[in-house]
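Before any comments, here is the structure.
Residue numbering begins at 1 within each chain, and the chains themselves are lettered A, B and C in the order written.
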Amino acid sequence: MSLVLGAFTMGLILSLLSLGTLISFRMIRFTDITVDGSITLGASVAAVCIMRGWNPWAATGLAMLAGACAGAVTGLLHTRFRIQELLSGILVMTALYSINLRIMGRSNIPLMNSASISSGTEKLLNRSGNPFEKWNLAGWEVPLPDIANLACAAVVCLIVAFLLTRFLRTHFGTGLRAAGNNPQMARAQGINPETMIILSLALANGLVALSGALLAQYQGFADVQMGIGMMVWGLASIIIGEALISRVGIGLTICGTILGTILFRLLIAIALRWGLQPNDLKLVTAFFVFAALVLPHGLAALKKRTHRGERHA
Amino acid sequence: MQLSQTKIKEGLVVKAVGRLDASWADLFMEGMLQEVRAGEHHLFIDASELTYVSSAGIRSLILLQKELFTVQGWFRIIHAVGMVRQTLALAGFEQWLLEKAPGKEEPCVREAVTDKPACFNLQWDAALSARAISAWNPWNPVRMDQCRKLVVDEQSFALGIGSAADTLDQSRELFGEFMAIQGCVAMQPPDEHSRPDYLVPEKSFLPELHSIQAILCRGAMSHLLRFSPRTEQPVHSLSTLITEAMRVTEASAIGFVIAGEIEGLVGASLLRSPGRITPETSTDFPAMRDWINFCGERMFSGEQALICGTALRNEQYHPQQGALLPLAEPGLFAHLHAAVFPYQPLPNGRIELAATVRRFFNGPPPRAVLHLLNDSRPGVGLGESALLRGACWCATLSNPEVL
Amino acid sequence: MLELVNLHKTFMPGTANEVRALQGVSLTIQPGTFAVLIGSNGSGKSTLLNAVAGSFAPDAGTIRLNGCDLTRLPEHRRAARIGRVFQNPFAGTAAEMSIAENLALAMHRGKHRSLRPALTRNARTQMADRIRELKMDLENRLDNPIGTLSGGQRQALTLLMATWTRPDLLLLDEHTAALDPKSAAKVTALTQSIVQREKLTTLMVTHSMQQAVDMSDRIIMMHRGAIVQDYRDEHKQRIRIPDLMAAFDRLARRELFDESVADLLKSQYA
């Protein structure tokens, strides 16, 4: 049960990353690799601040801001200096590696006994005063901190999802989506797609950094390597989400992405349980994304062929 | 609908196989007009294998009749039987239904092959007297004081650059190519948007032209040549026509009017009135392109041209000092202007110049008026204008020295 | 009133592929005029429209609209005053967004984009009313992605979007050329009715001589990056298709008029 609970919490936290990826990849259509650096940036900023005794919420907020800055820089590199999308992302990601090391001062910060955003919730829920209190959930004994973590992640995730949905449905949000969908049309409607790219990347990487901050607090450490491959995880989650909910529409897409991330984490948890080497995880994910990108075309071609066959018959 | 042709002494037998209905009437009509164009003005439509005639078919026959009427031609329907015969009779073609073609219906050679165009003597002692106006030497400014008013009466034809405006002052902006025959004038206004204009004399009115450059010929024509494509000479270039006209008139200087179906014309016409040229104006290439329009390809194939001009055979002639320009044939010089009209058939045989000119000018308006050139540029040259068939009226020029 | 003064634009200057797409175009279009731009392929019509719309800055020259200098303004800053329909029916709308969202974008063309919901009930009613006039049965499909519509429907919507808030200038770049004949006729009729009703100043590129003659108050012909003909007022009224064809013909002939022809004329036109 704690495995499922863990996967859920992890899924909720990483769904913020997926939402960020959703904005950059699907909304503004920018192949943004900054993600791999900005998730670490979020984690490291939050970790350092919490270590210094900051309020975890404030630390998380600052992490988010840092991520937004990183995203904006990528956007500026692309729009103002005409550097290719991928390259501007790589530049910022590479720079962030050193910056993260600088922020943390070393390659790893443990946060085992520090406060986190779930500390308050935990205190609130804890009626017995016993730090090792366990709750009985449908017959399972679950440690209270796990429940607090899950609740916090869920609340943050819900708030973000709600705000994001609202935002994308405003005049500004529609303009942003139009800029990604058809820049020429956006310009003709008086929208500057370049500004939109910068803002979207800031928003996306802000969310990614938020996810990183929560991840560090949940896992209990920030590590300079933790960002590697995160972009692909986000992408995989989006793809699963799109498979789950294929209807277009902002609300549904966002729900789908969150559900997709959770499902993805569950699948990983199960796979690990069955003996998948954690080291192979990234290879499996990459293969999965490859298959998801290629299979639809293959399927369509196959379908067409059978169709033609029928008509001939 | 299939058409097959057999030439007989009395005309051309066209055998029509199939149904003459709305679907086929246009094709039938096209085939028949093709024959009229080729000079076959007496047609026998063999209806033995015509299975059906509808009102659309009747209509095409009436149109064909109308077309033939203008050239004093006719058609008859032979071997019509059954329903076809009945339908045609009821439609009023009774008197044109023949049992069979006259004579033996024996095939004979399609075109009477003569070595030379057919020649008719009109008036053996007729001669033309010429008058030249030259107030403009391209591309200098016009000497307005030397402009003259030109009246082309029933006895004359003329070609040149001028304008039909009321006063000389108004004309200044309007000088363009013209050609005039027996009072009928076709002219190209010198601006890009205007279509060629034309004037036809009415009772006491004779068009008057302010000319800055012109050749006027007065008098009667002595000969008429009729030319058509022959195996050894499918098209008639202006040089060959002029040479032939000089041969029949036994003259080395002639004036002539040609009417005929165009194979291709090569020419130029003004885009801007020379009256606008001042000493400061540049008319060199590329500015020249704003002043004059060159055809660029052989134009107006299949339409009818009315061409008039004067020609001279004289090895000593200096084109720079006179009004004539070198033709393709060495020693031959001419000045030629053409008016292009939509195609209409010409009657065969001996035809009147006056009637022919009137036919052109009473029909649809001219499509272009141009100065004809001999494009002798090596390699890319378009050559000389040429006609397929038509008529050439000519007479000797009694005073070639004015040219 | 649109004023273009001596516009120049050279693509890829200094290379072998240098194209002098605009070579000194000057043009003034009075308010309420429906001007049509014709010319052979590559004569610079689209380039001229793009310059006016602001897709690129001209190398030289001035663009003024109603007295306001637009020359250095980026494209999206001109959108408030200029409505635009492209040749490609897919270029003017965002395919993955719904009809309503696309229209909402157009209702705020060039205006400040706030953080208020774009699709209010009020906006939707307005949209449904306007779309009903198209008689394309789209008023009940407001939430369908616009990418599911046909090219003709999308082009009609693009036109509606370009004119939703009255533009000072409407630019149409062969906007019916990529449509099937029936849709093209429909979009043409719609164009005419909107332009007439709103009395829009319009600059339209077309390949159809028929459209040029029927729809316009003024026909401008371009060739090799320059305006070579400008039929207006009573001259425009007498123009028919054959006149335009003849004008094209003259242009083609002018191309064949080279130095050798000039020499020929010196000896043959004396």
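Note that contacts are C-beta pairs under 8 Å (C-beta built on N, C-alpha and C of every residue); 3 or more make two chains touch, one makes a residue touch a chain.
Owing to the predicted nature of the structure, the values given are computational and were not obtained by experimental measurement.
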Subject >> Chain with minimal offset from the mean of all protein Cα atoms >> reply: C
Original post:
Centre-to-centre on C-alpha atoms, which chain is most distant from chain B?
Top reply: A
Original post:
Looking at every pair of chains, which has the largest contact count?
Top reply: A-C
Original post:
Which whole number of Å gives the spacing of the CA centres of chain A and chain B?
Top reply: 85
Original post:
If you average the Cα atoms of chain A and of chain C to get two centres, how far apart are those centres in Å?
Top reply: 44
Subject >> Residues of chain C touching chain B in the complex >> reply: 229, 231, 235, 243, 247, 250, 252-265, 267-270
**OP:** Within their complex, state which residues of chain C touch chain A.
**Re:** 53, 74-77, 79-80, 83-84, 86, 91-98, 101-102, 104-106, 108-111, 113-119, 145, 161-162
Original post:
In their shared complex, at which residues does chain A touch chain C?
Top reply: 166-167, 169-175, 177-178, 181-182, 184-193, 248
Subject >> Partner chain C, residues of chain B touching it in the complex >> reply: 137-138, 192-193, 268, 284-285, 288-289, 292-297, 319-320, 325-326, 371, 373-377, 380-381
